[in-house]
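When the chains are written out, they are named A, B and C in that same order, and each has its own residue count from 1.
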Amino acid sequence: MNAPTASVRDLHVSLERNGIRSDVLRGIDLDVARGEIVGLVGESGSGKSMLALSLLGLLPENARPHVTGQARVLDTDMVNDPEPARRAARRAALGAVFQDPMTSLNPTMRVGRQITEAGQDRDGAVRLLGAMGVPDPELRFRVYPHELSGGLRQRVMAAIAIAGRPALVVADEPTTALDVTVQAQLLALLRELRDDLGCSVLLITHDLGVAAQIADRIAVLYAGRLAEVGPAAEVLGSPAHPYTAGLLRSRLSLTLDRSRRLPTLPLDTLTADERSHGCAYRARCPLTVDRCATDTPGVEESRPAPGHGAACWFGSETVRSATAAVTPTPAAAPRTAPATAEPAVVLDDVVVSYTTGHGRRRRTVEAVRGISLDVAAGEALAIVGESGSGKSTVLRVVAGLVPVTAGRVSVAAGGAQMVFQDAGSSLTPWLTVGETLRERLAPLRLGRAETTRRVEEALEGTGLPAAVARLRPADLSGGQRQRVALARATVVRPAVLLCDEPTSALDASLAATTLNLIRQMREELAMTVLFVTHDLAVARLMGDRIAVVERGRVVEVGDAEAVIGAPREPYTQALVASVPEIEVVR
Amino acid sequence: MSTVVLPRRAALATLPGRRRTGRRTAWTLVALLAALTLLAVVARLLAPDDPIQPVAAPQLPLGSPEHLLGTDAIGRDVLSRTLFGLQTSWFSALAVVAVGLLVGGAVGVAAGVGGGWVDALLMRVTDLFLALPSTLVAIALVAALGPGLRNTLLGMSIVWWPYYARLVRAEVRSVVARPHVEAARLAGVGRVRLVLRHVLPGVVPTAVVTASLDIGNVVLLLAGLSFLGLGQPAPAAELGADTAANTQLLLSAWWVPVVPGVAVLLLSLVANLAGDGIRTLLGTRR
Amino acid sequence: MLRFLLRRTGSLIVVLLVLSAVVFLLQQVSPGDPARAALGANASRAAVAAERHRLGLDDPLAVQFLRFLGHAVRGDFGTSYRTHRPVATDLASAFPATLELVLAAFVVALLLAALFAASSALSWPFAGIGRGVLLVVATAPPFLLALVGIVVFYARLDWLPGSGRGEGGPGSELAHLVLPATVLAIAPALAIGRILRAGLEATLAADHVRTARSKGLGQAAVLGRHVVRNAIGPSLAMSGLQLGFLFAGTVVVEQVFSWPGMGNYLASSIPTSDYPAIAAVTLVLGAVYVVVNTLADVLQTAADPRLA
């Protein structure tokens, strides 16, 4: 057997942040074979990016990394060898694609130069740009990064990554900042690179679906340790670790049963100290036994198939039956809105345009170019579109935060309240949660005791203890802040609840919890819901109907299942096709 | 929804020791500032002699039993003059910064909240002021108005506020652009309350930190004006003027001109350190 | 870019007009009376009135301002009460000395700033002490630094001359420059150095620098091609600002070192309330300050393709 391109052995990394030292990787063993694509999957904080940086030999110096173990790429140990050797390896054997194409390119250097610098002559670089699917490569060779779209920049990043003919490409969340249609293209590009150049790829992602699309093998990382590793079909088809099984179960897909609550993973309650011994997943695991708190299973512990291993004391059969046994409770039966009801929201040929810049740079941007929508009382409408499609602007128009340039908007009595994309920043940081909620109740002049009662009621309604009222947003976790935002919107029942991508910044299991909560509150308070998202799976779940928005216009609107099952417009078809799905024969 | 959600306060209690000692140092620095202000308040009581009248033989050296810091060319007590000068310098600097902060802050808030033509007009004026060299204009201004403490303070205040107007306006704009302001607006919060409760508390820390870091600059500039004869007229005790008046003693009795200068250094150093401390305590960037 | 240049030139002219208006108005409120100054303290009331009329001091303010502007553009700033020579003549002899001092100080400031920033951002060993000294020294009033400099390097060590501008060869001139230029440079060095350090640290931590490192570039290439240009913008603007401040700072430093420049001229004019001289120096140094800042702004824009 050939020696692997990259091989990580018993890698431990600890970093210092704000004066606290914490272990981010706690003993990783992982190989990437020649020509293999390995998908490394984990939620935020699992240490997956630090594994990437270890392999590149670029651990952040200012975090004073402590490293033991090895991370070899070909013949160089990227964490222990002297810097000149590591630099030579980066030059000759490694390429990297980072998450944010907006910040990962040098803003003051022409694109072409940034590619040739990585080891290509001029003609080679132009050819490379063309091969990456950049139109007009000759022209694009001479531009600065800010003159390119996000998708093109990420292609430039890919060109830089392979310019030096690397043996291994490390791609750290390369698609996260991109729209779904561009995402799919970039993943295809990575696979072509492997097929054409024979290089290995380490694809790091938080989304099992992304890994499922191109990875030969999948490694699941949890709290700095490998939870499971194996051939992609094995890991996805018969997960042997409860975490992988849970992730697969709570993953949103286009085929999920809409009538049920989403399955969610329990929250992690372990402290950093408790996590350092035993199985880090034990607090969330349905199978936990005493041994899980004391002994730490290795990834060799469970061996359901050759090359497939999981760090669990239980065999894959036990894991599967235990995780499948948790059946999600059915949500209240979806109500169909009475057809005769007055519409709660009416948009009549709404146009929104605004001007940016001064002088010659002054230009008018039409964010919304004539949208008409009726939303019946009690109905939920999901608005789907890519970034810049104008979908958020529609929501802000309904909220009254943006004036319309032309057209008419009406909202039913009771008004609209909104849950913003970034719940943390939508809460005033220096006010306590109680003060924030009381502001909404102030116009009702309820008196002290009654106001306090209503605040506590609203918090309880979102699953928060009443004590949270005395805390400030900085004292809360991301999920808790999202709940507070929801409590603020509903402490006085609005006729319409507007949701602007409320889950896009959350990890999968937390997102599922939030979506469940919004659905539940919609039922309890009989609200009309407008839900904006870029994710078709979320749209299908949250909307009775779906409106697809492209460049400020509604291109398709209809019953959720119909739009997804049989999309009429090519744009909708492209959107549906590019949703990363996991198709495994079970 | 039955998920138990624990407040994260518990986690806050285990924050790093290093950061806490950082806060302790910061408190020490702020205490130093308070001590200096107290010293300035009671300076007149501490001064052993009349600062204006000669009280001993001229040019007594440092460490003379009755006159710890010696006497100047005509036998006045250097310690007493320095204490009086320190008081004037410190409160003058505080006054200039306070006026700058209030006037500039008001203009900045008006521009930032008002937006549109109010903003455009106020910022045009502010930018014109900012484009002028403040030190030179202050010199010319005080020279034209005639020297004297009141005119010095007036002149300094006139050139000093635009800086704060710019800063506060920028901060107001950045806070107003944050989602929480929009969220509060949507929640039905009125305009006045929105500014007072949701915008200003976000601006105050930066403004206070900048102002405290600025006290040292103003101390230096005021001392420079005084050095040039643009402060109180002689024989009043003033740090810059005392140095200027005694430079000819530099080679024979160096401490006479140097001691008031060191007092200025002390004031500006403490102001800068305390400014850093306040920045740490209020947790603003910059 | 051309449009930007035009706009910048336009606002430059407006600021210069405002500057001259301020100086003119200050001259109006200043207690000195040019007519009486020209005739002497014993002249009769009638003679003073006639002189005022001859000088146009009873014309409307706007007319006087236009005349003031016209004179200023032609380099006519009136006659000094103190030296009884045309102010323009005095300035012509003082300006080169000031320019020399300021440029020398600017070079020193840039060198110190670069040392300060680089030693900190790249964590050079043992550089912390130097930075600490600079931090403390920069909070001292310039006149104190000047005096201490004279006491130590002239009176005690006798390494450097303590006053005047050197005559007799470049060696002497350079020796005379060292103390005043260094004293003048300390505060600007720290101001520029802090901004440069912040820029370097932010850029070193930037994603695109990680990309550059992932290409396997050496430290020199990473710094030279990817860090410096992206880090330097704000410090360019700050350098322009500080170069302007240097001209204002000469007032105190030149006086202590008896440097025969414009600052010294201004400092000597203040005690005698020689307002034509004060106004002229303010106008000239102020104009230099405004122009330098505009140039720095243009340079910064040219350095960053996103702004052009």
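By our rule, a residue touches a chain if its C-beta (ideal position, glycine included) is under 8 Å from a C-beta of that chain, and two chains touch if they have at least 3 such contacts.
Because the structure is predicted, anything quoted here is derived from the model rather than measured.
Enquirer: Tell me which has more C-beta contacts between its two chains, A-C or B-C.
Expert: Ranking A-C and B-C by C-beta contacts puts B-C first.
Enquirer: Which chain lies the greatest distance away from chain B when centres are computed from Cα atoms alone?
Expert: It is A.
Enquirer: Measure off the straight-line distance from the CA centroid of chain A to the CA centroid of chain B, and report it in whole Å.
Expert: Between these chains, centre-to-centre, one finds 47 Å.
Enquirer: Could you please state the distance in Å, as a whole number, between where the Cα atoms of chain A are centred and where those of chain C are centred?
Expert: It comes to 53 Å between the two C-alpha centres.
Enquirer: Report the inter-chain centroid distance for chain B and chain C in whole angstrom, where each centroid is the mean of the CA atoms.
Expert: Computed value for the inter-centroid distance: 23 Å.
Enquirer: Quick one: which bits of chain C touch chain A in the complex? Just the residue numbers, please.
Expert: Going by the criterion above, the answer is residues 3, 7, 205-208, 210-218, 221, 225-226, 229-230, 303-306.
Enquirer: Going by the contact rule at the top, pick out the chain B residues touching chain C in the complex.
Expert: 128, 131-133, 135-137, 139-141, 143-146, 216, 220, 223-224, 227-230, 240, 243-244, 247, 250-251, 254, 257-258, 261-262, 264-265, 268-269, 272
Enquirer: Where on chain A is chain B touching in the complex?
Expert: Its residues touching chain B are 18-20, 266-267, 269, 399-401, 416-418, 420, 422, 425-431, 436, 439-440, 442-443, 462-465, 467-468, 471, 475-477, 479-480, 483, 485, 488, 513, 516-517, 520.
Enquirer: How about chain B: which of its residues touch chain A in the complex?
Expert: Per the stated touch rule, the residues are 1-3, 5-9, 12, 15-19, 178-189, 197-198, 201-202.
Enquirer: Would you mind writing out the residues of chain C in touch with chain B in their complex?
Expert: It is residues 11, 14-15, 18-19, 22-23, 26-27, 29-31, 136, 139-144, 147-148, 150-151, 155, 244-245, 247-249, 251-252, 255-256, 266-267, 270-271, 273, 275, 278-279, 281-282, 285-286, 289-290, 293 of chain C that touch chain B.
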